[in-house]
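Just below is one structure, and these are the notes that go with it.
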Amino acid sequence: MIDFIVTKYNYLFYIVLFLIGFYAIIVKKNLVKKVIGMNIMQTSIILFYVSIGCKKDGTLPILLDSDLHSHAIDAGKYLNPLPHVLMLTAIVVMVATLGVALAVLILMYKQYGTLEEDELLKRIK
Amino acid sequence: MQTIESIIPFVAVLIAMAGPILIILFKRWPNIRELMTFMVASVTFGLVVSMAPSVYNGTEITYNLIDILPEVGISFKVDSFGILFALVSSSLWIVTTVYSIGYMRALKEHSQTRFFSFFAVAISSALGVAFSANLLTLYMFYEILSLSTFSLVTHHQDKEAHFGGRKYLTFLMGSSIAFFLPAVILTYYYTGTLDFNRFGILTHSIPDYMLVVMFALFLAGIGKAAIMPMHSWLPSAMVAPTPVSSLLHAVAVVKVGVFSLLRVLLYIFGTDLLEFMRFDGFLVYFVSITIIAGSLFALKQDNLKARLAYSTVAQLSYIVLAGGLLSVSGITGGIVHIAMHAFGKITLFFCAGAILVNTGFKNISQLKGIGKKMPVTMIAFFFGSLSIIGVPPLGGFWSKWNLAMGTIEYSEIPILVVLLTSSLLNAAYFMPIVYNAFFAKDESIVYTEVKEAPLLTIIPPVFTALVSIALFFYPDIFLNLARSAARSVLGV
Amino acid sequence: MIDQAPVLIIVIPLIFALLTPVVGLWRKSLCYFWILTALALSAAFSVTVFVKVLNTGTIHYNLGGWTPPWGIEYVIDHLNALMLVVVSAIALLTAVYSRKSIEKEFPNKKTAFYTVFLLQATGFLGIVITGDMFNLYVFLEISSLAGYALIAIGEDGALFAAFKYIIIGTIGASFYLIGVGYIYIMTGSLNMADIAALLQQVNNTSVIHIAFAFILAGLIIKMALFPMYIWMPDAYTKAPSASSALIAPLMTKISAYILVRVIFTIFKPEFITANLPVTKIMLWLGFAAIIYGAIMSIAQTDFKRMLCFIIVAEIGYIVGGIGLFNPTAIKGAILHILNDAVMTAGLFFIAGIVKYKTGFHNLTDFKDLFKKMPVTMGAFVIIALSVIGVPPTCGFFSKWYLIKGAIIGNAWPFAAALLFSSLVNVVLFFRIFEIGYGFDHGHDSGGHEELGSGSLISEAPATMLLPSMLVSLIIIFTGIYNQTIITNIIEHVTPNL
């Protein structure tokens, strides 16, 4: 069990974070808090992706001049850069989602004067 | 049996289907519009007639438009059974068009363009049913017919029409989707084809319980045949204008129902399987209930059109008897009753409409003494009812005669009793009308200023009554067509 | 040029979308023609690609010259070639249609609307064309984000509906992303074909099972399958007419398309049947969706909301059909994806027209419309008949295959549910026809006076009318030629089970 936790702790972290975000989305009545929860949830996925690209004593997959001369390239030590690159895209998506969500919230606040869910539902015809 | 390929059946259906385009185009000029309807009807009839001689001589005309499912297409086949029905409905369409013009104008009905358009679509789909070569094509036209007649039934757009239309649709669409469609799919699933075959396409290899289920589904699904307990839409549909009741609810729609049912029974199940599974015996007794009960219901109706509707319910089941009396005479009698009943019943409806146009009366109790004012109408009515009862010298005699022969050939003597009882009942609900019209007097009803109905509403019933008489002396066309259909399905 | 057609389908609307604000600054009224050009070009290239696929088979297009599995690959086989045509055609028709309704509903936001509209179309096309799982996620989010914005412009309550959609949609997308992550852990690839090959070795691991479960859950949310449909009725009801006409038919259907892709291209049918009771779950979810959607749609008084519940039922058809897992049913399900996209688009066109004419979209607003707008209502009747399933409209044939598939699979409850839904649709639409027909309950025996005259007719504007009529024609033609579609296209992608 301990072994499992020690070797797979990154997954546990992401799951816990994901669930925290999920909890906020489901339970919180304030819409801003829901958005924050959504953001936490998305961040947890980013951490998940980033962590699977990691390895112990890994190096960046970049060729330096010195490496070329020393003939000591150890491709096995390279970190896989792809998950990180993917997450750059995912972060953009996340930011955009956040932006749209906040824009909608601002408009809603202007229109109804509240962001508490039950209050809001009363004011929507 | 010879087969030739020809596009004519498709063209006949298509022209009638395209009729509304012409009708809508000329909607601002009622005279030209009606002329268009008349022309479309005549051209359609001409096309149907042009196919009749070769079919009469035993040739089948086929045409495959396009394959829409594996092994199943929108395809047409004209055989003697189909052409009989097509001849009846397309010829009566012309007569009814004349009648409608008189009727609709006399009553100043609204939305006449819509009326004539949907009328054309309805007849077109009836022809489509008659010419279908497979069950899917038949189902397609069957559904189009239900939909196009909805607008005709609800033509008056009042409360009564609303509920009548709702009932109409509930029964027809409901039964066809809930029962007919699954039955079609099951047939396709078990046989891989839907083509009508004169020996049937279902076989013994299908589990017995499935055959029973399918038989029940077809019987319940073809609601247009108005077999009890699926009959009650028909009396409700009488809220429609009289031309609709006369052509559609005495000829096209209801005959499409029995036609489809016979197609299914004779050409999908096949006579052998019907006999083997003992569906024939069940069927004749089952529809006997409708024959007797329908006539009894008719007796107690005071509304003239309602009485005619219940009479239709009963008479339709005569035709269905053909699916149970599997002998040459039995099948011939059933099939030929499509034609004989059509000419008789349409006369009666025309007369009912003429009375309505002239006096505004809908009830039988109001008709005492009317024969003196409208003698031509009532005499036509008299001959129409004689044909339905089945007395010589009227065409209706031949169908009842053949059916009676069929019961004897097929040793179903109880059915003979049913037939005779029903004839008595027919006489019981028709003859008092005629008697009262000519000989009874009711002081409370005064027919001031009542003369004969407008000419255009008089000529059609007289014409159809004359045809009914002529059919007694020259029944050969229809009798031979029906007999050849009967021979082919029985394989004799 | 023709060689580059696959990427042009995506790039043209994308670039045009980015330039739309510039055009809008110069001449606001030009935006309309600007996006029409973009979508027409995109549709033209879709047709080109479609014809090419029909002639030569699957096209592989490597983005930027990077060969897969390293680069992103666009793979166009028979199914998505047709999907591309359908999606671009519906987007084009909706664009044509949008003009008048936007002028009436929010004339000041034209530029913004058209920008987002094009992005939405780009997202849809991208999802369909891509052969890369992560790329698919990106396009899914592009289309969803654009969709959130398009919905939020709508009537009162649209903001809250859009917000609900944002939250739930993001959850769905996140699930999908997690699933892709697990697949990446096991295979190290994101290319669908590559993954499909690599998965054969690791099929039985629990990681892959979990990955599949996550992806399925994400897609179920995105396609609004019962019970995950809650975001949908509000969002599509409150959205402006032009938005709902684009999003409602396509979003759910494209998610269903992804489901087909995931099950048959990536995971392969053997995996689905061997390891998890997925097909059973899908079948019963489909069953529940049909029954629930049918019952709920009867209860609605708002036309658009009623349509939303019809969509719930139709998604049930598709998912249940896939769940039956026999070739006939799968054919039916795939055919239904295409048919239903067209039918739903048509229905929302009609809803928009009614809203344009009367200001609302309640069922009662159809009163007397047969008299006022005979052509519109004629188109509506044809579309409605297709939803009911009357031959020869296309809706009949997908239903035919689904029912036959249910019989083959001995899934009688599902067959009964399909018939039940048809019956309910009869009730739904004929209720509207009755209202549109205008029954007069005031007097009992009347109806003899001349009610109608030509002056009452006030048809919808041509830009709204033409798309609706075209849709109804398409419905009839795809119905009649469904056999051609099935043998030439769908049979290529139906797996041999």
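Chains: A, B and C, in written order; residue numbering restarts at 1 for each.
Definition applied: a contact is a pair of C-beta atoms (placed from the backbone, for glycine too) under 8 Å apart; a residue touches a chain by one contact, two chains touch by 3 or more.
Here the structure is a predicted model, which means the values were calculated and not measured.
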Considering only which chains touch which, how would you classify the arrangement: line, ring, star, complete or other?
line
Between B-C and A-C, more contacting C-beta pairs sit at B-C
With chain centres taken as the means of their Cα atoms, state the distance from subunit A to subunit B in Å.
71
Distance between the centres, which are taken as Cα means, of subunit C and subunit B, whole angstrom
43
As a quick test, compute the distance in whole Å between the mean CA positions of subunit A and subunit C.
30
Check each residue of subunit C and list the ones that touch at least two other chains.
none
Footprint of subunit C on subunit A - complex, ascending
18, 22, 25, 31, 34-35, 38, 41-42, 45, 48-49, 52, 80, 82-83, 86, 89-90, 93, 96-97, 100-101, 103-105, 107-108, 111, 120-121, 124-125
Touching residues (chain side subunit C, partner subunit A) in the complex:
134, 137-138, 141, 145, 148-149, 152, 156-157, 159-160, 162-163, 166-167, 170-171, 174, 177-178, 181, 184-185, 188, 190
For the complex, which residues does subunit B have touching subunit C?
28, 66-70, 74, 107-111, 136, 139-140, 143-144, 147, 150-151, 154-162, 165-166, 169, 173-174, 177-178, 181-182, 185-186, 188-189
For subunit C, which residues count as touching subunit B in their complex?
385, 388-392, 397, 400, 403-404, 407-408, 415, 419, 422-423, 426, 430, 433-434, 437-441, 443-452, 454, 479-483
